[in-house]
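Shared between the two complexes below is chain A, which pairs with chain B and chain C, respectively.
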Partner chain A sequence: MKLYLHYLSIHVRSAMEYKTSFILTALGQFLVSFNVFLGVFFMMERFNNVKCFTYSEILLCFSTVLISFSLAECFFRGFDMFPSMIGNGEFDRILVRPRNTVFQVLASKIELTRIGRLFQAFIMLGYGIIKSGIKWDFLRVLTLVLMIVGGITVFAGLFIIFAGLCFFTLEGLEVMNIFTDGAREYGKYPVSVYGKTVLTICSYIVPFALFQYYPFLYLIGRDVPVWYCALPVLTAMFLIPSCLIWRLGMKKYQSTGS
Partner chain B sequence: MKQYLSFFRIRFQTGLQYRTAAIAGISTQFVWGGMEILMFKAFYEASPGAFPMSFEALTSYVWLQQAFLALFMPWFWDAEIFKAISDGNISYELCRPAGLYEMWFTKNMAIRLSKAVLRCFPVLIAAVFLPAPYGIMLPGDIQGTVLFLLSMLLAFGVVVAFSMLIYISVFFTISGQGIKMISSCLAEFLSGAVIPLPFMPDGLRQLAEFLPFASMQNAPLRIYSGDIAGAAAWQVIALQLFWLVFMCAAGKLLMHRALKQVVVQGG
Partner chain C sequence: MITVEHLCKTFRTANRSAGLSSALKSLFHREYKEIKALDDISFTIPDGEMVGYIGPNGAGKSSTIKVLSGILTPDKGECLINGRVPWKERREHVRDIGVVFGQRSQLWWDVPVIDSFELLKDIYKIPQNAYRDRKEELTELLKLGDILRTSTRQLSLGQRMRCEIAASLLHNPKILFLDEPTIGLDAVSKIAVRGFVQELNKKYNTTVILTTHDMQDIEALTNRIMLIGKGRLLLDGSLEEFKALAGENESLDELVARLYCQYHI
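And now, the complex of A and B:
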């Protein structure tokens, strides 16, 4: 942990060396997701509700997904960049160091520019909390926290899977972006908006609904069992296959030789 | 003219080599299109009356948008050009016996076109075979089709001419990061890439329809689906032509200015 904090401070300092670039990239992150927000805003203004979700409820849902995605991308970016790490032989250097490989990949890159997106997500979260009229009690606050943590877990799991698959393919699998970018892009509305099939896929195959939909229903006070709020905990199970793939890949790994 | 053609050919053929990337692109486009349509369906069911275009028109819009993404995506930049300007390689480009503006213009067209050619057919074919309200509808009459093709061509030109303006602005600012970002975000939203223009509230919508961004994907996609038809379509096409000519002229003028005072900083 201490070592990770040290890495973190290195990343912060190196980002601050290029202040203009940092600010511009962060601003860019903000603008891109602001476009998505505008889209939601105009749609909700025109239609008032979608599948019985109101504007403030949608914003709550959107902001939790965006917060988890930004945090996951910020801290697990190393796995996202993993193809290039394998390609240029950087990973061989990691193997000779006396530390856990997952840890080193994790610490190799921390993308602080995601703060732009995070900033917007928190504004939306604040607005959603004020306007949605939820009666906040301890359990609801806990649910919200669990949703965000669960989201980070799922995204982190996905990033690790992609990186693990790179051991076999030696190059990036762009197809996999469908899951991460897709969830960021379309997670703005609760999964049920997209219909039954999508909801099933997102419940059992890639567990987006476990943190984004079911606990969300509890959060906004729909008539659902209380245990829905504990579902994000289940996302931890998603880390099992992802770590397995990583292990398997590590065993098979032969350097690219460059 | 001949040198531009060969430039175009070289770029186009290089672009065609990236087939794995294209497969990834195609599957992404499928999922995106599907999710987009499911999302709009939910809104349609919420209140059909508030839906500003017919549902079939919307699905055609979405599929065409996904199929021809590479032609119209406003966030795509040729990194080589930015690099050439900031690291001084521009001096080599200037030695070539061809106009810089025309050369870059053809280069950009070729890259986008090669990407689009690789990606559009699977998406279009699959969309044609999807059941009625979800797939793409076949073009209505011959006149509509001709208008669509014409508008498509102009939209493509407008997109490239617009990105040329951004490339040229880097002559004055050296770092393109900021302007690149802001312009692509503006263009993305106002060209109807996030939500089609009819879904925007009155006022903003009228304004957006007059801006050059509406002459990008908004125009041909809505003409195809019949959302804009008849005399209105001709008006839109005229506006597209105006913006194309205007932006090319502005681009050439600015480029002329920039090249007069270009300073290659060592290297």
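And now, the complex of A and C:
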């Protein structure tokens, strides 16, 4: 952990070397997600609710997904950028250092400009919390935190799978963005609005619904069992197949290499 | 002590002819060509020896270094370095080795060199006192005093290479792999690097394995030469033996070129 903080401080100092670029990128990130927010806003202006979810509830749902995604992208960016790390031999350097490879890839890139998107997400979250009229108690606050942590876990797992597959293809797989960027965009609305099939896939295969839909229902006071709020914890299981794919990829790299 | 026995490594590369149609065809059906990067390589290097590892581009030099440093797993053969198999006990093994890739930087690009050193200190878990002494010593020997506070991207190539070498020696490794350390350097920097490596070997008995195309590096530093071509070890002997192969008025560069021709590599 101490070492991670040391890496983090290096990244902060590096980012500060290019202040203008940093500020502009962060601003861009903010505006892009603000744009998406406007989309939701205008739609809700016309229709008032989507499948019984009100505007403020949708905002709450969207902001938790966006917060998870921004944080995951900020801290797990190394896996997202992994194809180039293999390409330019940076990964060889990682292998000649006496530390865990997953840790080193994790620490090799920390994308601080995502703070712009994070900022936007927190504004939405604040607005959603005020307008939704949820009666906050300890369990609901815990649920919200769990939702965000669960979201980070799922996105991180996806990034690791993405990187693990790069060992086999040696190139980025754009198709994986369906799950990451796609999930961020579709995550605006509770998964159920997309129909039953999508909900099933998102419950059992790629567990988006575990941190978004089910605990969200509890959060906004729908008539659901209390244990729904604990479902985000299950997302941790998603890390098991991710790490297996990573390990498999590592073996393959060490035997083909170069 | 490095022992390598019957090391083999084959790469499979996709083979296709030029043009769009064959590129499309290769999408569905690919022909593979097997390339023997290492073909039954065996050698032993005792502690404290400085070895020059030469051969044309693509001969298998880098593959050997990658196997020895635990990056690659060979198909066949054995390799024992200070009692460890590099690719099986990677983390313990890399603590004892330093690797300098002349073409790639290991320093963090946008921060002062000293910040990179501090991070490496934490990565290798070097105790504070040992780190301080080591840093001071390297700073003096490689004359880094003025440049430690400059960020890496602002250094000249020669300055950067000196910092790279210092960075890979902070944890006081017993074995140092130098992969083309003098590539692109001016005369002054080259001589400085060579002088330093000599000093290091004398003082700490560090084993040095040097790959290079610069025969002056070889002449100045090593007492043993290994020539590799098409994955096979073709010559392994002392510098004197190697020099004896040269004809009258033949420089080492000419000798090497002649040998490459002779072996069809």
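Some observations on this one:
The rule is short, and it goes like this: the second predicted complex is superposed on the first by the 253 of 258 C-alpha atoms of A that agree within 3 Å, B and C clash if a C-alpha of one lies under 4 Å from a C-alpha of the other, contacts with A are read in each partner's own complex, and residues count from 1 in each chain.
Following the convention adopted for this analysis, a contact is a pair of C-beta atoms (placed from the backbone, for glycine too) under 8 Å apart; a residue touches a chain by one contact, two chains touch by 3 or more.
Just so it is clear, the model here is predicted, and its values are computed rather than measured.
Applying the stated contact rule after C-alpha superposition, one finds that A:Arg93 touches chain C and leaves chain B untouched. Contact with chain B, but none with chain C, is seen for A:Val36 once the two complexes are overlaid on the shared chain.
After overlaying the two complexes on the shared chain, residue contacts for A:Gly182 are found with chain B alone; chain C is out of touch. Number of chain A residues touched is higher for B, counting chain B against chain C. When the two complexes are overlaid on their common chain A, residue A:Lys51 makes contact with chain B while staying clear of chain C.
Against chain A, the residues of chain C that register as touching in their complex are 11-12, 37, 62-63, 66, 69-73, 75, 87, 90-92, 94-95, 97, 99, 101, 104, 106, 108-111, 115-116, 118-119, 122-124, 151. Interface residues of chain A, counted against chain B in their complex, comprise 20-21, 24-25, 27-28, 31-32, 34-36, 38-39, 42-43, 45-51, 173-175, 177-178, 181-182, 185-186, 189, 193-195, 198.
By the touch criterion given at the top, residues 2-3, 6-7, 10, 13-14, 17-18, 88-90, 92-93, 95-99, 254-258 of chain A touch chain C in their complex.
Against chain A, the residues of chain B that register as touching in their complex are 20-21, 23-25, 27-28, 31-32, 35, 38-39, 41-43, 45-47, 50, 52, 175, 177-178, 181-182, 185, 188-189, 194-195, 199-201.
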